Amino acid sequence: MLDFLWLIPALPLLSACVLGVVGWRLSKRVICTLGVGSVGLSFAASLGMAWAFFQLAPEQIPIRSSYFTWLAAGNFQVEVGFYLDQLSLLMVLVVTGVGWLIHIYSIGYMAHEGGTYRFFAYMNLFTFFMLLLVLAGDYALLFVGWEGVGLCSYLLIGFYFLRDSASDAGKKAFIVNRLGDFGFLLALFLLFRTFGSLDFDTVFGRAAVLPAESFSPGQAGVLTAIALLLLVGAIGKSAQLPLYVWLPDAMEGPTPVSALIHAATMVTAGIYMIARSHILFAHAPLALAAVATIGCLTAFYAATIGLVQTDIKKVLAYSTVSQLGYMFLGLGVGAFTAGIFHLMTHAFFKALLFLAAGSVIHAMNGQQDIGKMGALRRKIPYTYWTFLIATLAIVGAPGFSGFFSKDEILWRTFETGNQVLWLLALVAAALTSFYMFRLVFLVFHGQARYTPETARQIRESPRVMTWPLVALAVLALAGGWVGIPAALGGANRLARFLEPVFASSHALVQAQGQTILHSHEWELALMGLTALLAATGMGVAYAIYILNPELANNLAQTLRRPYQVLVRKYYVDELYFAAVVRPLHWLSERVFWQAVDVRIVDGAVNATASRARDLGRWARRLQSGNARSYAAWVVVGAVVILSYFVFS
Amino acid sequence: MSEWIGRHPELLVAGLKAGVLIFVLLTAVAYMVWFERKLIAHIQSRWGPYRVGPHGLLQPLADGLKFLFKEDIILTNVTSRFVYLFAPFLSLALALLAVAVIPFGPEEFELLGTRTGFYVADINVGLLFVLAVTSLGVYGVVLAGWSSNSKYPLLGGLRSAAQMISYELALTFAVVGVLLLAGTLSLREIVAGQSGTWAGFLPRWHVFPQFVAFVCFFVAGVAETNRTPFDLPEAESELVAGFHTEYSSLKFAMFFMAEYAHIITTSLLVTILFFGGWLSPFPDTAAWNFTRFLPSVLTAVLALLFFRDAFRLTNQYHRVLTFLICMGLAGLAFLLLHPTALILAQGPFWLLAKTGMFLFVFVWTRATLPRFRYDQLMAFGWKLLVPLAVLNVFVTSFVVAWRAD
Amino acid sequence: MSAEHWLFFFFAGVAVLGALNLILQRHPIHSALSLILVMASLAVLYLLLGAEFIAAIQIIVYAGAIMVLFVFVIMVLNAGEEERTSLSRVAKFVGLPLAAVFLVEVCYVLYRAWPSEQMVVPERFLGRTEDIGKALYGEFLLPFELTAILILIALVGAVVLAQKEP
Amino acid sequence: MHVPLSYYLILSAILFGLGVLGFLLKRSIIAIFMSLELMLNAVNLSFVAFSYAWQQISGQIFVFFVIVVAAAEAAVGLAIIIMIFRNRASLNIERINLMKL
């Protein structure tokens, strides 16, 4: 069974090729069948793999299957091989499962769009690359998947390439990701230079025996450097500070894309990568701390921006950023399991949120401004209830999936004695619940802020869209139950499942971090606190947006300055434009173009050309067309050759 | 110089033989004209020349004198004076040159202390030599026609150039058939190869197995010599006199002699290639031994004829002349009875006899056949003769190969 | 001075003079005639070198066919004396001196490579026709056939080229 | 007393040189063509001389081939010359220095 591991990524790739090459002449039905069926099959395959995986004895894990040598240059060898352990299995299941649901949803969502074959070809290709990424057996192959998902994200963000904003957003995503990838590449070079290989086993095996490096930047060693560079890559891919700017704009793409790529799977590649190289990070406390700090700051920062956004997808985008920040935090404090746990749950509820939002937009036929919605509860019940469940999940309402994962992160943060980060994360949680419920209330409650004829057109989405919502709602609700902490009498199965992967690092981190007050009571207390805060946020949102809606505007009036700052997202885009884009423009235009290119490059080329022309002008006399002259030249040549033979 | 020649008698002998041959040939040419006129006259039931000498036998001398004394017109507006003057010499020289390698008899004899035979040069590529010389023959005509700077000669020259080149192909291909049988290029050996008989009486001449080749060769030869029915280069009715329209007196005579020399050469070649050259047509057995006396007998008969004329003729001078000729022939007949002469005379006699037959055919055709049209000429050459000759070569080579193993 | 010397020097002189005449004569016909002269004398030299078949071929093909074609074309085109244009300074000021140099060099090389000890003995004939025939149809069969095809192609090409435009 | 072989070779060299001179000097295409033939003949002479020197028949075979090829060349070349004359009404090679009509 496990010998057919390659089948999982191969199926989407196959259908992607078929759709990409001959898709334009296939009927919509065939296209949908192919695009969805391939992912469904690969989901089934991964389920089979999982079943087979559970049969294995612990010492057989991880499974390595090498297929062929991709690169062989000197002692640099890259095997195309897969690496299946608990972590990658989990990722595979998430990617294929959630991906499959989203594919199904897309059938309905894209029903009225053109270029369905393009859409599904890209989606399948993305699925392939994502699976390649999570199954990769070494950093090189992982990087291939890494770049591949970046490419697909670019293609899908710019799916409506007739809209300038869409194509710009695609470019923006691509370019910003390049910055991160640059760091990633440097990390790879450094890895190879240090360990002489990019293979996971080799790298981790050699890294494990090294001593943990010191925290102080002064004595930090190569591992820290590697980890930090990897972190840069992760930051770019997972939209952390300061490279998060591409994600909100990425909402230009179709909503299923946002759900699949920019919520559930791709943006979590960074988290996966860090988790995958947990050993390196565990040996680099400084890098680990950096991860935690950046994650926490991002969580808080994005939450604040989310407060005031009026575009339903933008809000979700910022919440995604902030949730990713939570995951970083979890990884950063050494709670790799927690990070992955939150990754999984987040995949469920955030995908659900996006899909529900998509269904809202679908119902409002294209309207994304929450200021023009409201009172949709009755009109689109499925969407409403699923959205509500997802919201509860994300704000961490007790019992919902988000509750367990987020609380585990918070608790481990507190436990490892990062009180500041913990506090920040806590506030962020409150803010999260506020803006999420603000969203709920503005969209589904209150009075309708649209014209009656719009109201008449509002319909619930077709089944093909609503059933994935329901399925995801179930997951969002119950997905967390695999990780009920011991404090609640649960047996945190997920943690035990993943333990073999992270055991060493956990131990290492435990050894470093001083753990204070390690008791269930505290944990329970903190849980209560978070729940309370979540409820508070919800209450505030209720007060503001339901009880007296004008209060919102008054607040905006009174706190105009901070409000503006938030609306303009801390002027970060402007800042980047001023600090990065404008200088780059100037440099490229004045220096590289007008000076280097025109003067030097073109100058050299033109000079060559003109020299050649002069030569031709001179040599043209040989070609007088006069045969006797030609004969004379022939004689010259003969004499030269003969003289050479005579006098040598 | 003289003692150098003394050291190289063969040169002197060669020169001697060449001189004799040229004299004989020119005389033959002259009397060929007489023969032609007489024959055509009789074919047309006329008398032909009979005033100058008995039976007009002195006519050739008269003609020669006439040519000598005619005004020698040298055009002033010729395209190239040198070529204009050079052309007739060239054609005559080449016509005479071809005869140099023709062997007249098998026997060898001592001359000035060097063994030699009835030939000027016996080179073992004689046939190639003849072909080469004949292939050069076209120049005389072409150059003459071109250098005369006049319409008719130019047309004649062009025609003859095309015609000669075209028919040279057929000629050569026809020869190849013979070569395949003979397996040598030396004329002497070719003739020697034809000695003997099939079935005791039929001489092993090439004409029997190579009849097609013989026809092709003869027709092509007629064409090569610009004789009717192929005399377009000098078609009186169309081109006045063709390529030698602008030539007069001796230069015209040269062309004239060249043409008749060509005729003789061609007849000689046909005889040698196809009719066993100097070989007697009779089997070489005791029963046929008496045929060795044929030369002297025929000479005697001729002498008797002249003897009768000596009384029938009315003109006194003619009577005297005829009587002298009769005496000479009778002496020759007696001389030929001498054993050595008997042996030596056999070859030349038969060769010349057969050649005379072909000369007769030449004249005969001229007297009977009309002239071709130009396109007919080309079509005949390219579409009939050449394919026929090639086919013959194929068949012959197959047969030879088949007989070889 | 033996007879061979006489023959060689006589015909060599004739050949050289003919070649010179070819260059000096301004009328194509005269050039053609002098070229024929050269060929004929070369044929004699071939005989001296014992290549009787080549000699015969030289006369039959070269003088008897190729040059006839030349003369024929000259007559058809009625080519007059060539005009003395000198548009190619290169040919005059570069080509001619260098041609002389070339000639000298070649003679030098040949004389160095073939000292005059090696004599030509006329008795040693080797170019007998049957030898050449055997060589042509044995060792050189393929080139021979190829030349046949070449001739055919040239024939067709000439016909196509020279025919009047329909 | 025989003739040295080198005489033949030098004679062929001289003829070849004269051919080159003719090629350079003559203006009429036909004359140039003839000088070409002259060069070929010179080469033939050296071929025959060499074939004599080494008592090998192949030299004469080459001469044979050269002659055959020369025949083909003459046929085509003269046809071309006729074409040129038709189109240009001139045989002067210096008047034919354009590669188009």
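Here the chain labels run A, B, C and D in written order, and each chain numbers its own residues starting at 1.
Note that in this section a contact is a pair of C-beta atoms (placed from the backbone, for glycine too) under 8 Å apart; a residue touches a chain by one contact, two chains touch by 3 or more.
From a predicted model like this one, the values you see are computed outputs, not experimental measurements.
K.L.:
Between B-C and C-D, name the chain pair that shares the greater number of C-beta pairs in contact.
P.N.:
C-D
K.L.:
Identify the chain whose mean C-alpha position lies nearest to the mean of all protein C-alpha atoms shown.
P.N.:
Chain nearest the overall C-alpha centroid, as shown: D.
K.L.:
Would you mind pulling out the distance in Å between where the CA atoms of subunit B average out and where those of subunit C do?
P.N.:
32
K.L.:
Provide the C-alpha centroid distance between subunit A and subunit B, rounded to the nearest whole angstrom.
P.N.:
A distance of 111 Å separates the two centres.
K.L.:
Calculate how many whole Å lie between the centre of subunit C and the centre of subunit D, each centre taken as the average of the chain's C-alpha atoms.
P.N.:
Chain centroid spacing, subunit C to subunit D, equals 6 Å.
K.L.:
From the C-alpha centre of subunit A to that of subunit D, how far is it in Å?
P.N.:
81
K.L.:
For subunit A, give me the residues that contact two or more of the other chains.
P.N.:
As it turns out, subunit A has residues touching two or more other chains at 624, 626, 628, 631-632, 635.
K.L.:
Using the touch rule from the top of the page, what residues of subunit C touch 2 or more other chains?
P.N.:
53, 65, 74, 76, 87-88, 91, 95, 99, 102, 106
K.L.:
Show the residues in subunit D shared as contacts by 2 or more other chains, in ascending order.
P.N.:
20, 24, 27, 94, 97
K.L.:
Quick one: which chain pairs are touching?
P.N.:
A-C, A-D, B-C, C-D
K.L.:
Give every residue of subunit C touching subunit B within the complex, in rising order.
P.N.:
Where subunit C meets subunit B, its residues are 3, 27, 29-30, 33, 36, 52-53, 56, 59-60, 63-65, 68, 71-72, 74-76, 128-129.
K.L.:
Taking the touch rule as given, give the residues of subunit A at its contact with subunit C in the complex, in rising order.
P.N.:
624, 626, 628-629, 631-633, 635-636, 638-639, 642-643, 645-646
K.L.:
For subunit D, which residues are in contact with subunit A within the complex?
P.N.:
So the residues of subunit D touching subunit A come out as 20, 23-24, 27, 32, 93-94, 96-99.
K.L.:
What does subunit C use to touch subunit D in their complex?
P.N.:
Answer in residue numbers: 1-2, 4-5, 8, 12, 15-16, 19-20, 22-23, 28, 31-32, 35, 38-39, 42, 45-46, 48-51, 53-54, 57-58, 61-62, 65-66, 69-70, 73-74, 76-77, 79, 82-88, 91-92, 95-96, 99-100, 102-103, 106-107, 110-111, 114-122, 124, 126-127, 131-132, 135-136, 139-140, 143, 147, 150-151, 153-155, 157-159, 161-162.
K.L.:
Once bound in the complex, which stretches of subunit C touch subunit A?
P.N.:
87-88, 90-91, 94-95, 98-99, 101-102, 105-106, 108-109
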